[in-house]
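Note that the chains take the letters A, B, C and D in the order they are written out, and that residue 1 is the start of every chain.
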Amino acid sequence: MSYEEVIFYFVAAVTVLGALGVVLTRNVVHSALFLILALLAVAGVFILLSAEFLAIVQILIYGGAVTILILFVMMLTRVRDMPQALDGPQRPFAALAAGAFLVLSVLAALSSDWPGETREITVVPFREMGEALFRDWAVPFEVASLVLLVALIGAIVLARGEEGE
Amino acid sequence: MVGMGEAWLIPAIPAAAFVILLLVGKYLPRRGDWLAIGAMAAAFVLFFAVLIDLLGEVGKPDFVGVTSSIEWVRFDLPSGLEFELRLGFFVDQLAVVMLAVVTFVTLMVMVYSTGYMKDDPRYGWYFAAISMFAAAMLALVLADNFLLLYAAWEGVGFGSYLLIGFWHEKRSAAEAAKKAFITTRIGDVGLLIGIILLWREAGTFDISEIFEFAEAGGYSTAYLTTAVLFLFAGAVGKSAQFPLHVWLPDAMEGPTPVSALIHAATMVVAGVYLVARLMPLFVVADPIALNIITAVGLTTVMMSATMGLVATDLKRVIAYSTINSLGLMMVALGSLSVSAAMLYLFAHGFFKALLFLAAGSVIHATDRQELSDLGGLARRMPVTAAVFAVGALSMAGIVPLAGFWAKDEILNVVGDSQNFVVYGFLMLSVFITALYMTRVVILTFLGEPGDREAHQHAHDAEPVMTLPLLLLAGLTVLAGFVVFDGVGEALGFPGGIGEFVFLEGPEAFHFPWDVAVLSTLSAVAGLVGGFYFWSGEAEPARRAGELFRPAYKILKRKFYMDDIYQWTIDRVVLAAGGVLAWFDRNVVNDTGVDGSAGLGVLAGYGMKFLETGKLPNYALAIVTGVIVLAIVFMAVRV
Amino acid sequence: MIPIENFLVLSSILFSIGIYGVLARRNAVLIIMSVELMLQAVSINFIAFAVYLYPEQFTGLIFAIFVITIAAAEVGLALGIILRIFRNKGTSNVDEVDMLKW
Amino acid sequence: MDWVLLALIAIPIGAVLVFMLIPSRYPQLVRNVALVSGFAMFALSVLVFVKYEFEGGSGFRFDLQLAWLENVAFLGKDGISLHLAVDGISAPMVLLTGIVIFAGVFISWNIDYRNKDYFVLLFLLVSGVFGVFLSLDLFFLFFFYEVAVLPMYLLIAVWGTSSHFGTFTRPKEYAAMKLVLYLVGGSALIFVGIFATFMEAGQGTFDLPVLGAVTYDENFQKVVFPLYALGFGILAGLWPFHTWSPDGHVAAPTAVSMLHAGVLMKLGAFGILRVAITLFPEGAQFWAPVLMTLGVTGALYGAISAMAQRDLKYMVGYSSVSHMGFVLMGLATLTTIGVNGAVLQMFAHGVMTALMFAMVGAVYDQAHVRDMTMFGGLAQKTPRLAAFFAIAGLSSLGLPGLAGFVAEFHIFVGAFNTYPWAGALGILAAAITATYILRMLAMVFFGPFNERWAGLKEMRRGEQFGGALLIAFIIFMGVWPAPFIDRISESVEFILRVGASGP
């Protein structure tokens, strides 16, 4: 077992643990904290995949912005004060569906005959990717920024509340 | 020189007058009555032109009439099918006789109407409608093909509808108009079927071509018999024969001049004219067709004559006498004698118009038409009484009035070609006719007035109404003499009417004394009987009525025909309509349509419980779907 | 070296956990978090395919960037909506918001 | 002249666009635009009718083909194109549409409630109607067919009237829903038929002349013909799928009833002739007795039902069922005369039923009731209304000299040639028509005047003009049918001959 593999299994284990924590814990704030853990671990996976830039983006956006947002909403919606159970009545079915999906997905991943070299990571030069992003993908990029803008305004409008409230 | 080729002008002129009156009538002085009368007078003059032209031709061998026509609709097709409708006009002796009656009587009635209808608010419309009727009637007379004939046939029916319902604000008039139109239309269904049946084999609507086709044996006997019986159904409706006679008495709701024109002299004889015109087909068809005509005619004669005995409305009595006359003509046709029928038609046109117009004068003067309200009017209205008496005597068949000669001719041919039962019944009808004509004269003009106030104001009508009466009375006296060959020759005809209008060969005038004596005796017996029963207090009549109470009741209720029809309409026809409408709404619509829609709704109602509205359920469904798809996909790939 | 399958299996597990979370949780915020997990799984897949199979194209990487971008937008909007629902209905439990039903 | 057909479809669509641009606070401007474009359609349709001449062959004139989709996927080189042309059958139909919409604009003059939206939908519907009559491409024919049907829903549901009778009610929404569901159901059948035809022909095109040149397997024809006949037949009021029609007529606003009964129902019969009989002559032969039976049943059933109605509009609605029964009878004869009669009847019935609905509307607008028994003697107060109504009624009972007779006569002659029993029953139905028409006239217009209606006024000028326009054509066709018959018969003959000469 190479050290890379060791790191991989460690990071993967943290990711899975974090994810499980998100969906299983009885405390919503813990759940959010587990989410941060999982997101950071995923950033580690990105580094293992030699996508350092994405790992940074991941930490900045997810680890920072998104999680903070979620925590704020939890606070605003007073989730912790809710007396009811966090899980719905269809939990067994959810487990079943998730399990079935897992089986299928893993089967598909293992049985597929992937084209090209599946053992070797080719490091993608950072610079080339940036050029591609701003040259070949310029229009989608701009559209995405527009989407962000609209979402931003939409979120403000939605969250602002009624006049005089 | 205007001649037979221009015969189409005769209906065209009144038609043009109708259109002008309809469009600008109300802006014309006197609301255009002069236009209608002028048009009719022009048609009358044209009739003479046509007649003179015809007389020049009629002596020639093989003369069968003159056709002038224009194409109306036609299509020739590559597949060889040809379909042609023509506006064609045909003039022969038969048509000319009819033209004489129609143009003259219409003219008289129009002149009379200027007085009779003077104060009516719809005066202009009246003349427009009469012009329209006249145009259709003349087109019917002159039509050379079945299609134009049918069109004109419906046209006169429509004219009659308009004129019967002229005072449509009266409920009874509106109902009578409707009844007349629908009843005659039932006959017209037969007419149209008959026409199409004839066309189906012959491939033409032209009447003379169909004659040739039939005489060449183109139709099988059974087929032709069926077809002509359907045609006869049209005549039954229009000529008010049993069992479709019920509309004619009710049609008396129209203005009296209209009754004189349409329901005495012209339209109602169209059925007779139709059968006469189509006689060559009846000859080829099975004799049973002729027997049916005779039977229908005879039934009509007996029923109408007896009903005439008890009718209490002045106009209705005359209406029954009209039905009576029409039945006689049908019997004549059933005996294969076109000349007898046409002679009667010719004479009848004048004396029946006379009777109606005279009755109109009475009604105009007294505003009453129930016989019980009338009486003693001879003192107040001598001229009217005199001409009415002339008409009544003619109807009763008294020498030497037109009615006598015409009726005698019919009795002659019936005696020659039918069995003694028919002959006996006809003789009996002569007696009854004389009886009720006497009755109506006595109750109207003699005796004591029933309504004194009305009697006070009564007086002879103004000259414009009296003049037509006198002219018609003159013709009633003279018209019968056309039977004599000498008279005909003097006028430029080949001879008497038998030499002029005939089916197979000219018939010289013959005068069997036995028939004449017998019929005169019957008629005189009727006269005497009438005076016995109804003069003075009419005590014998009342006693007779009580003695034969059931019979009297049946007659009063018009043989229950109206009741039967009314029952049929209410209980069968309208009920069927109601049932069908109910069926349509409740079974077809509410069960069939809404029911199937309801199934959909029900299914939807059941399905809606699958929709919980809870997002997690939907999400689970989505995931399940994805999983199933994935399984399917993988299974297929493997 | 680590074979690609490892990453794919990891992403599968992550995704399944996400599915479980979405289906099992009642609270909208928790559901959003589970959705984030699923998005992470997707990103991992994209990047893995990009660097192993088609390194000469950057499509996978760029898609991952877009996923993150859109995810940020989505979270913003979704949380706005949740806030709104909470104000109107007094709850952020999705099974209590069933106005979609007849 | 090629532009003329495109213009006929484009004018109503253009008018719709103009309506949309007009602010709704100028209702008079909307009316004026409707009037101008209505007149333009009328004038163009008259032009098409007058200029049309049969020139041999299939008789299609003013052919215009604009490619739309071709050489893609499943389509061959011809593909789908906007193929417009007019023949002797569609020429009178185009004229009919022009007349009825022009008259309809006058009748709709007084609509105040959202009149802009009303005219938008009305003109959209008309563009669809023109499209169906002119399209020679099955795809566009179907497309326009839907365009013609769907606006009906809103027109009835928004501007219609609900009716309450003693024992039952008919809300306008019910009528609108039933109508649209029925017609959409019918078009589903047509849709199946179109694709079956397309696949079977294997020409990769929806072009009708191309499809018509293909000889179809006899069994295929027998299966597909009823799809079309039923699908189009529903719109033609085929018994027993007719109940949408009386209810729809009753609920619809006046001008919509006019268009609906006058033109829209003709689309169905036209479709049967243009598509089903043209493409599948053997199927038509096979199913003709059934079609004839249903036609006769509809004619009699409609007439008898009409006799039992007290509501004026229901009576006219059922009379439409009856008259469309005559049309189906004519089609089912599959003889030149009979089919001629069917096309003539389509025109004649279109004009006279439009007139009848216009007059019923004129009464209802003022009286707000339609129960015949509540009227009486109206002719004294409104003589013109009575005269117009009477002319429409007389035409529909087949009085010679008016349009109805010419058409019915052809149908009866054709029917007697093929199914004499059907001809006889048809004539009987015509006689029953006389009964209910005259009964209605006597009840509403004649007899003593009912003082309740003392405030009733004569028709508006616009209504008089619209009515007079319709009457002019009723009389024109009744007196001089040759222009119609000349145009119709050649095309009908072509359709039937091509059918007859098939294998």
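By definition in this document, a contact is a pair of C-beta atoms (placed from the backbone, for glycine too) under 8 Å apart; a residue touches a chain by one contact, two chains touch by 3 or more.
As the structure is a computational prediction, the values presented were derived from the model and not from experiment.
With steps allowed only between chains in touch, the distance from chain A over to chain D comes to 2.
Chain closest to the overall centre, judged by the mean of its C-alpha atoms against the mean of all protein C-alpha atoms: D. Put simply, the chain farthest from chain D by mean CA position is A. Centre-to-centre separation between chain B and chain C, using Cα means, comes to 93 Å.
Per-chain Cα centroids separate chain A from chain B by 98 Å. Distance between chain centres (mean CA atoms), chain C to chain D: 57 Å. Averaging Cα coordinates per chain places chain B and chain D 37 Å apart. Shared contact sites, meaning residues of chain B that touch two or more other chains, fall at 616, 620, 623. For chain C, the set of residues that touch two or more other chains comprises 19, 22-24, 26, 94-95. Listed for chain A are residues 88, 90, 93-94, 97, 101, each touching two or more other chains. Every pair of chains in contact is given here: A-B, A-C, B-C, B-D. Chain B contributes residues 616-617, 620, 623-624, 626-627, 630-631, 634 to its touches with chain A in the complex. Taken together, the chain A residues at the contact with chain C in this complex read 2, 4-5, 8, 12, 15-16, 19-20, 22-23, 28, 31-32, 35, 38-39, 42, 45-46, 48-51, 54, 57-58, 61-62, 65-66, 69-70, 72-74, 76-77, 79, 82, 84-91, 93-95, 97-99, 101-102, 105-106, 109-110, 114-124, 128-129, 132-133, 137, 140, 144-145, 147-148, 150-152, 154-159, 161. Chain contact summary for the complex, chain D toward chain B: residues 168, 178, 181-182, 240, 243-244, 247, 301, 304-309, 336-337, 340, 377, 379-380, 394, 398-401, 405, 409, 412-413, 416-417, 423-424, 427-428, 430-431, 434-435, 438-439, 441-442, 445-449, 480-482, 485-486, 489-490, 493, 496-497, 500. Within the complex, the chain C residues that touch chain A are 1-10, 12-27, 29-30, 32-34, 36-37, 40, 43-44, 47-48, 50-55, 58, 61-62, 64-66, 68-77, 79-84, 86-87, 91-95. Across the complex, chain C meets chain B through its residues 19, 22-24, 26, 94-95, 97-102.
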